[in-house]
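After this come two complexes, each holding chain A, first together with chain B and then together with chain C.
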Partner chain A sequence: MARLTKKDIGGFLARQGILVAFALFIIGFTIANERFLDPDNIMGVIRSSAILGVMALGVTFVVISGNLDLSVGSMMSFSTIVVLDLHDKIGPAMAIPAMFAMTLALGAFIGFLVAYLKLNSLIVTLGMLSAIHGLTLTYSGGKNMDIADKEGTWFSVFGQGDIMGISVPILIFLLLAAFLGVLLAKTPFGRKVYSVGGNGTAATFSGVRRARVVFSCYLISAFCVATAGLLQASRSLGSQNTVGQGLELEVLAAVILGGASLLGGSGTIFKTVIGVLILGFITNGLLLVGLEFYVQFVVTWVIIILAVWLDIAAKRGKLWSPIA
Partner chain B sequence: MNYRKALAATTAAAALTIGSAAVADTMTIGITQNNVGVDSYQTTYEKAFIEAAEANENVEAVVLDAGGDVARQIAQMEDLIQQEVDAIIIWPTNGEAVIPAVRKAHNAGIPVIVTNSNIAEQGFDFVASFSGPDNITQGKRSAEIMCDKFKDMGIADEAKVVHITGQPGYTTAIERAKGFDDRLPEVCPNVEQIDKQPGDWNREKSQKVMEAFLVKYDDIDGVYAGDDNMGVGALNAAKAAGREGIIFVGATNFAVGYEAMERGEYWGSIYQSPVDDAKAALKTAVETLEGKDLPFLNYFDTPKITQDNMGEYDKPVF
Partner chain C sequence: MNEQTPVLRLEGIVKTFPGVRALDGVSLSILPGEVHALMGENGAGKSTLMKVLGGIHQPDEGQIIVSEQPVVMSGPLDAKAKGIVFIHQELSLADELSVAENIYLGELPRKRFGLVDWAELETRTNAILEKLKVSFDAKTRVGDLSIANQQMVEIARALTVDAKAVIFDEPTASLTDAEKIVLFEVISDLQVQGVGIAYISHRMEEIFKITDRISVLRDGQYQGTVNTAETDEEGVTQMMIGRKLDLSRNESHHELGEVALEVRGLSCGDLYQDVSFEVRRGEVVGFYGLVGAGRTEIAETLFGLRDPSAGTILIGGEEAKIHSPYDAIERGISLVPEDRKDQGLVLGMNCRDNMTLPQVDELKAGPFVSDGAEIAIFDQYRDRLDIRTPSWKQLVGNLSGGNQQKIVIGKWLSMRPDVLIVDEPTRGIDVGSKAEIHNLIRDLAAHGYAVIVISSEMPEVLHVSDRIVAMYSGRIMRTFTSEEVTEDNLIQAISGIGSDKVA
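Take a look at the complex of A and B:
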């Protein structure tokens, strides 16, 4: 084996600056509170990040393809409310596929508007953010949705179950991340997603059917949202109509933190997972440190900026650059 | 017919007919609500308000909803002023931002009744009266419920409590937290409040906060949450972590909280009915128009509910 040279280390840093930032935060929080590294805590953080994480996986595809999806938060509220409502009406075994079908239909609608009608994705999904919220409220009549028999349903397995000591939401998150990671990195479809987002015109001239790729990305995003809704519903077995409100920005923050470019064409599933974990551990770490919560908002922002800075600094090999 | 003009006309026309003649006239009362449909409380409130208005043949109600949007609420206030309604009830989307609109109504001679959650103090001059729950008292009562339970258990000298508040910056959240923080050391001076973090009225967020508390503290004897929705989130976290024997006390008893009390997992809460809230708002508006001398703050009662006395209360519909 070749020895690690300075260049190798530099190259590693340049590629994985965000990992370095992540490691630094972990060390910092561990010093601040020794319980931070408690296995129960680590598992707890990953479990509660899983919902955000699953959504971020889908949005990663959309962002790499050069578009945005701001509707995922209210779409997740929709899936959660629908599956909880149908659980008592038609039973969980039917409710889950029905909810997935409805959520995918929403995703297909958005995909149609953005991919085939070529409408601006920011406007389309921003509009859908409130339209789907309205849809959810109309569906539920504004009431909180709760499963009547909380003790006797197997539905709770997705959000609360364990398989070999690992909680099911974590397993679902990791399996989906592995599957989508391979889809994005190792298949012709994945390469088309990058090419469409990197240079759409060039992709078209190379024979890539751009609309179809973008449409598929929105379907993937909707599938992830439906999965997140399932986890959410199963975890608390009841929900407000606003459960996903504001998550679209957290999801986007995680994806961008992971290094995906808002302009499209770059980003990976692995880095998105790291971005999700950073956000999850910041929230948890600040709670454990016990900072006053008004201060937490500011500190969260500072940490995110630090992470982005470290990532960029690693890429260009120095902390500060006179040229942008 | 415009009630105020009617009143003036009647008074001028005949000193013989005592005020009651005017009361028989229809009064138009406009209401602009905060965000119907965002939670079951507000949805139930609106239904109860419409029913109460229909039940009173002298009242004609114009029911509006701001959808949580301050700008829309201000526009609705202006619409109601244009329509020359007799009184306006407002459920503020924001305690500060709506003050200019409230002042405008006041200057137009339309009495404004604030419902559920009050506006900021600098706007009080323009408000005829407030109708709603007394959130400071609610916080105090929750502290008393918690303390009484600790005394029964014999741990009033050593118990440790964590506190999950509503959304930072919201009047209701601030007032409940203040009531609890002030009252707990008065009734149980040796109980220690070891941490306080916001759960944003959100069950999932509250569950996350509680998970962190459970990691951070080995001994937690009590949890006070600013409403039952968050209380149940905290309960879920404790159940998942296998921590038993924690006393959960909330406020605004929700159906999920009531059910958890039935199961013996959740100790108590504050019974606040949106139906009472809506009826009290309408009653305050009607009585203001009838010229009754009302106090500025009209609170409807929100009693304590615990596993011991829950049989006296119906399960909340929200």
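Take a look at the complex of A and C:
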């Protein structure tokens, strides 16, 4: 038997740290509150993670291509407000495609700035976070948006319906995850996304038209945001202008928790789904043990730092590594 | 020389990593005032040996002895304090700081209140720079210096301590010929001062020009030390790879087919002007010249990475407008780029995916990438190029340099290009793989490919080319057939001498 050295343990923690931490959390929560592992609670967590999850799927593409998207939170607010407003004006059947078109236009604009004007994606999307928020408030005049007849619309099916006992948001999340997972892992486009994020210069030298790939990733991200907006609007049938505020960080946390590198080139849809669930269960567990709701913002930050640290540590093979 | 006390001695160094015996009882000594070459193929253990010496790895067995005192190196700074200094191929300088600040970074002279003593800093720095006979001074911003001068700063840094031994790791990799001469002068000055020099390089000409003794490693084992004056390239090569190497001029010729690529009056700003040449099927055309002569830039233009300012490119007799690598690939042009790690490979991707990347759009089963078709391509070129990897799933970053280069070559061969451009095909590759790649290039021509080889190594150009285009300062000086070329007339042509006969 090989003796376990301190270094081995450090290396193991670095590689599997997130899963170990997650397991400890689960054990802790289960002891603290027996409801945690209740099937109803589990389905509840997945359902409430669905909106975040849908957004994380799109951001996964952007991150693997080596860019960031910090605008998804305020873009989701925009989608939600727009579809709720149009619902009463032109009816749900028209409102949904109109909202998708407008959200995709925003995604195309971001994609254009990043891919064709070669602007830094952090700056572009951080700016868009604020700009889209302004756009939403201008659109709504700052008022909350509500559907007039909440009982009589079929629009609620996306957020509140069930098909064969499974709630529709979960189904949409899983279907979209399956579709995008295959797109990323099995198609030429997916392969190009990895090459662009892994080594952009080499991708160019291999004839990959990088700008198209990056542009497409932002379109995919916008599509996912529009879907998330639809789920959000349909669930609540009314909304504040700030419904998606702060979600961009949670989404990013989920993607990184899943193990995608912020430098691009690595990550998978499956891992992102795992990341979303970990984040969902931890938030839920903290609420169940009686932590105040607002503390979750702090917890999200701690999780991001933990995930980034362990990711880097796994690559370096050690936990402690000062700048030297 | 043998009675002198070595400045640095290694005795029976053994270093093992899981599954590999990277160093297996290596002993060698470096005498004061000698230049001692350390040679070996990639993977022979040179880098590991340097890391042991620099305290990055601790040896499992054996001793490091500095001036007859056994020492333990705890890290590069410790090694420097003990008088062992490294000059790395990759520079580690801060571009925005001055030369003086870079040299004394971390140990800037202070005066009262902890303020930097700028006057003292400048005096000390200029004293060192004077020794190096460089043309810049202490206040120059490092970012404004050429690569060669930056290397001088790196060397100056080494001279701030009383260096006993200086270890150069591939110092000439990015230097022009003129810059090399300056470097060699510095090395001989150090020699005169009694410093022992260890010199790691793949370049035979340099080794024979400047070193006194040569030690060779093979598979982590010490093969012996010879006096440079008493051996030749063949002898050293044989020690390195255990067999002989063919360095002759190309004499085989293949049946030439029609013109695959013709370039007429091509210019690109200041980079090169009025370049015309043609390449036929079955022919290897070598482009030889100094760094900056415009060879790589021509290749980049043909591959759509630069737009020409004048001239035409004809492929198979038809004029082609090429604005991107995508266009070039569509037209049947492939480029094996100069820098395989930056331009050739996605290191974090596996071997197969790297190889099939340019044609992934064509390898489809329905909407998906066809696994079977991809693996078939990989297997075919793995066998043909003798790529050594446990499986296609291996990340390319884990392969040796030679195998990485073969992945890049396989990637472009599998496109079945009409014109294959190879830029510095064997840079940083060990001697054994070099010969294989040379044979492969000849073999490709035999199969009817039109091949352009760009190289800074004369033996390589001589060895593979049917015709050689000599470039100087952005212009074609002369085109040689392999019969008329000699080392002398080629050197003259690329130095701008004897430009009477323009091709």
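Criterion: the second predicted complex is superposed on the first by the 264 of 324 C-alpha atoms of A that agree within 3 Å, B and C clash if a C-alpha of one lies under 4 Å from a C-alpha of the other, contacts with A are read in each partner's own complex, and residues count from 1 in each chain.
Note that in this section a contact is a pair of C-beta atoms (placed from the backbone, for glycine too) under 8 Å apart; a residue touches a chain by one contact, two chains touch by 3 or more.
On a predicted model such as this, the values are computed, not experimentally measured, just so you know.
Visitor: Is the arrangement of chain B and chain C around the shared chain A a clash or a fit after superposition?
Guide: fit
Visitor: A:G238 in the overlay: touching chain B, chain C, both, or neither? Say first, second, both or neither.
Guide: first
Visitor: If we overlay the two complexes on their shared chain A, which of chain B and chain C does A:G28 touch? Say first, second, both or neither.
Guide: So A:G28 meets neither chain B nor chain C here.
Visitor: Name the contact category of A:G44: first (chain B only), second (chain C only), both, or neither.
Guide: After superposition on chain A, A:G44 lies in contact with chain B alone.
Visitor: Using the superposition on chain A described above, determine whether A:G317 touches chain B (first), chain C (second), both, or neither.
Guide: In the superposition, A:G317 touches no partner, neither chain B nor chain C.
Visitor: Is A:P97 touching the first partner chain B, the second partner chain C, both, or neither of them?
Guide: The answer is neither, since A:P97 touches no partner chain.
Visitor: Check the residue A:K186 against both partner chains and state whether it touches chain B (first), chain C (second), both, or neither.
Guide: second
Visitor: Applying the touch criterion given at the start, work out whether A:K143 contacts chain B, chain C, both or neither, answering first, second, both or neither.
Guide: So A:K143 only meets chain B here.
Visitor: After the superposition, pull out the minimum Cα separation from chain B to chain C in whole angstrom, please.
Guide: 33 Å.
Visitor: Applying the document's contact rule, which stretches of chain C touch chain A when the two form their complex?
Guide: 303, 305, 324-326, 328-329, 335, 337, 342-349, 353, 357-358, 360-361, 363-364, 367-369, 411
Visitor: For chain B, which residues count as touching chain A in their complex?
Guide: 36-40, 42-43, 168, 195, 197-198, 202-204, 207-209, 211-213, 215-216, 229, 232-233, 236, 240-241, 254-256, 259, 318
Visitor: Report the residues of chain A in contact with chain C in the complex, numbered from low to high.
Guide: So the residues of chain A touching chain C come out as 182, 186-188, 191-192, 194-195, 198-199, 201-209, 265-266.
Visitor: Within the complex, which stretch of chain A touches chain B?
Guide: For this pair, the touching residues of chain A are 33, 35, 38, 40-41, 44, 48, 137, 141-144, 146, 150, 160, 232, 235-236, 238-243, 283-284, 287-288, 290, 293-294.
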